[in-house]
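Heads up, the next two complexes both have chain A, just with different partners, chain B and then chain C.
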Partner chain A sequence: MSFLKKSPWVLHYAATSCNGCDIELLACLTPLYDVERFGIVNTGNPKHADIFLVTGSVNEESRKVVENLYAQMPDPKVVVAIGACALSGGIFRDAYNVYGGIDQVLPVDVYVPGCAARPEAIIDGVVRALAILEERARERKTQRKLVTS
Partner chain B sequence: MASTTIVPFGPQHPVLPEPIHLDLELDDERVVQALPSIGYVHRGLELLAERHDYLEMSQVAERICGICSFIHGQGYCQGVEHLMGLEVPPRAVYLRTIWAEISRIQSHLLWLGLSADAFGFESLFQHSWRIREMLVDIIEETTGGRVIFGVCKVGGIRKDVDDETLQRVGRRIREIEAAYEEVARVFREDPTVQKRTAGVGVLGAEDAYALGAVGPVLRGSGVVRDTRQLGYAAYGELDWEPVVETAGDCYARCEVRLREISQSFDLIAQCIDRMPEGKIDVSVKGKRPQGETMIRLEQPRGEVCYYLMAKGRKNLERFRVRTPTFANIAPLVQMLKGCELADVPVIVLTIDPCVSCNER
Partner chain C sequence: MTTSYSWTLAVGFLVFGPVLGALLAGIDRRLTARMQSRRGPPLLQPVYDVLKLFEKDTLVVTRLQTLYLWGFLFFMVISGFILFLGSDLLLSLFALTVSGIFLCLAAYATNSPYSNIGSSRELMLMMAYEPMLIMVPLGFFLVADSFRVSDIVAGEPWQVLQLSGILIGFLFVLTIKLRKSPFDLSSSHHGHQELVKGITTDLSGSDLALVEIGHWYENTILLAWLYLFFAPLGVVWALPIALVLFFAEVLIDNTHARLTWTSTLKGTWSVTALFGVTNLMLLPLIA
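For the complex of A and B:
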């Protein structure tokens, strides 16, 4: 990834997380880390988002919301799972009401470990997601060319 | 016949960091009634007490919520210590109090930022979080974690803080307080903040008491009740008075939190001055919790109750938490009646909803 072709907008949803990763994620947007200077904006609208940041271990109720939000995002899109709970269920793995990991319900591209994941780790995850996003955009372009030719 | 419209609010909403859903029944722009529905963050944490032994469970208790994490851990540990009849050394008690107050300040600053964002004052949001980040640095320096502290354990604390660091923290707290006062002045004096919050979402003292409101919501309505008055941890030995405002609107709740931040800075300074010497933990070897107990603590959001029952085994029999947000949802529904649709995000945020606490 040499430079960013566009400003990636992120959508955040707390799917059954304890809040820890969510406030670290918000901390990324605030003055100390300030990812907005790279054009990364947190949007509330899934239709504007390129990267979906999900935290938490997902229960039945939030599964519906997560799937709905994912379906509303335009292609190309990338899913980043943040925190131990989003990876495997973490400390709540044995709890009766969780699926244990976002990858049980969505195709996850980048995994960010940590309980709670540190802002530096989250930013790194987003940067990796950008590389995947650009790759997908390129693929789509080639496919389109094939279809039209 | 007047027709009403139902507008869904949440679970995914720009002002909400966490999912909660409200069905707002609107007559034109006015809210007739609000129906909350929860369950997006329910994990079944209480039952984990059967899977993890009582020592490990303190880590789980801390993850009830990432914002007020330390106080959850503290409450759980106090409960188990009570069941086991342990006497926690005074130094551990004072350090716990310091960490609890630091986490109260960071939680309130976080809330001030989010509420500023809710009424569209984005630079204020950024400034509140800038100051919060300075406190997170202190947390990281003294405990090792940024949001999950992990220092509270049954019988004391895991990590001592040496006196030199404590003095440094004391000096830094003063600097942060000066920076905070500047931001607090904007909240108090800026006309746009007052226009959005004063007279909005009024909750009278009788209503607040009858509906079981807790924390800043209750104190913002003029009821003097702060669980720290019970004198748990070191609060019985410190000089402080509960913060009370009487207006009962969003501005009063904001003011309560602003003044509580100043008070917490003062409490931290008092704790550092009076810090006792000595051990930081007592051994729990060979002991098991037995009996049942109820522990109440003051969270940033209000009173939290823990019920613990144990039968002398290594797992607790029952662990039950009643969190402040749950108590504040009934008052919230009352506040939303008759307000404008545009004020809903501000009112929802003034109860400082912590959904993961609420649903566990």
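For the complex of A and C:
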């Protein structure tokens, strides 16, 4: 069995969000929701992270950072887009300076809707991401076996 | 004087040292969570973390980093092996120091600004705590007439009273050794801050797992050092006292904000001078 599920370390980045979703995300760490009981740790270091949580509608400035962070994360990894902004641009959709959605710049695995996304929804999204993460790890293993045989 | 009993202890340390260390780390995280009125992760969470890290890719910045990390782990194990063999305490301390330097080298080798700051600060911390650590074997030598751990364990029950100043100093530097707040300058448990992760910023996957396993050994070694003060009282008294003092560090961790390196250095040296040196000078009078 895979231990990825038991110890997901998340990296959080606010790509031009209004910070509403970020506050909800941080609420997951508070005593009320306490995601650490599932082994989830909020790490600020992409090289230690398994799950990339991104909020906001992404503009040119934050695009570079998002891409850089994603590239620095070791495989297997998953991306979770949080909030209406991260899904489609949200209320900033018509603004001339935003890309309108994380999936415009990164491959997104899980979409968590809401403006702001509720902590329960975010935890739910992370749980779904875990299933994808495990699937990805399994695929890698079989691929490696194929290569070596 | 190495008997088969001490060999069993030493080999037992090789195998069960990391297990005990991981449990200590798990209890630590659990206690921290309870102090913040959270439930906290399962007891074996540190083990899950390390097993997961072995499943992840390892980003190699320079091949040297893995070599240095093996050096870190190797000398850490050697240090504990000497200690549990009942051999020379001073030698064990030197191995512990070498191991710490290897960790700094690994961080320097990766060349990221964050790990560079981390290892500079780690070296600064070493400068702060090393005098006090040296004083511990010296104190033991003055009361037990030997640097050998087996002689210290067989010492007089009141040696801890004679060494009370040194014990206070040791507890102070234990906070630094365990990387607890207010002295978590070089690598904090919480990554989202100015330092990112300090020393371990650029280490990932199995490399980071090596660091974690090294820290498990270190936990066991430090607990053993603490135990040594009370060892002549017998295991029934010594182990609970050592454990209580060990976990008192968690309380300190949760109630203090981080200090700057200057105040850390000044504070540690003041405590070393006030308690450690005074104790050493008075020892010939009371022993």
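Here is the rule we use: the second predicted complex is superposed on the first by the 143 of 149 C-alpha atoms of A that agree within 3 Å, B and C clash if a C-alpha of one lies under 4 Å from a C-alpha of the other, contacts with A are read in each partner's own complex, and residues count from 1 in each chain.
Going forward, contacts are C-beta pairs under 8 Å (C-beta built on N, C-alpha and C of every residue); 3 or more make two chains touch, one makes a residue touch a chain.
None of the values given here were measured: they were computed from a predicted structure.
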See if chain A has more residues touched by chain B or by chain C, and give me that chain.
-> B
So, does A:Asn97 touch the first partner chain B, the second partner chain C, both, or neither?
-> first
Figure out whether A:Asn19 sits in contact with chain B (first) or chain C (second), or with both, or with neither.
-> first
Does chain B (first) or chain C (second) touch A:Gly44, or do both, or does neither?
-> both
Examine A:Arg144 and indicate which partner it touches, taking first as chain B and second as chain C; both and neither are also allowed.
-> neither
Name the contact category of A:Pro31: first (chain B only), second (chain C only), both, or neither.
-> both
Chain A contact set shared between chain B and chain C covers 12, 31, 43-45
Report the residues of chain A in contact with chain B in the complex, numbered from low to high.
-> 12-24, 26-27, 30-32, 43-46, 56-57, 59, 61-62, 65, 69, 91-92, 94-98, 115-116, 118
Inside the complex, what are the residues of chain B that reach chain A?
-> 11-14, 17-19, 39-45, 47-48, 51, 59-60, 63-67, 69, 110, 113, 125-127, 129-130, 132-133, 136, 145-148, 354-357
Can you list the residues on chain A that touch chain C in the complex?
-> 2-4, 6-7, 12, 31, 34, 36-39, 42-45, 47-48, 50, 72, 74-76, 137
Can you list the chain C residues touching chain A in their complex?
-> 29, 33, 36-42, 45, 48-49, 51-52, 55-59, 190-193, 196-197, 200-205, 208
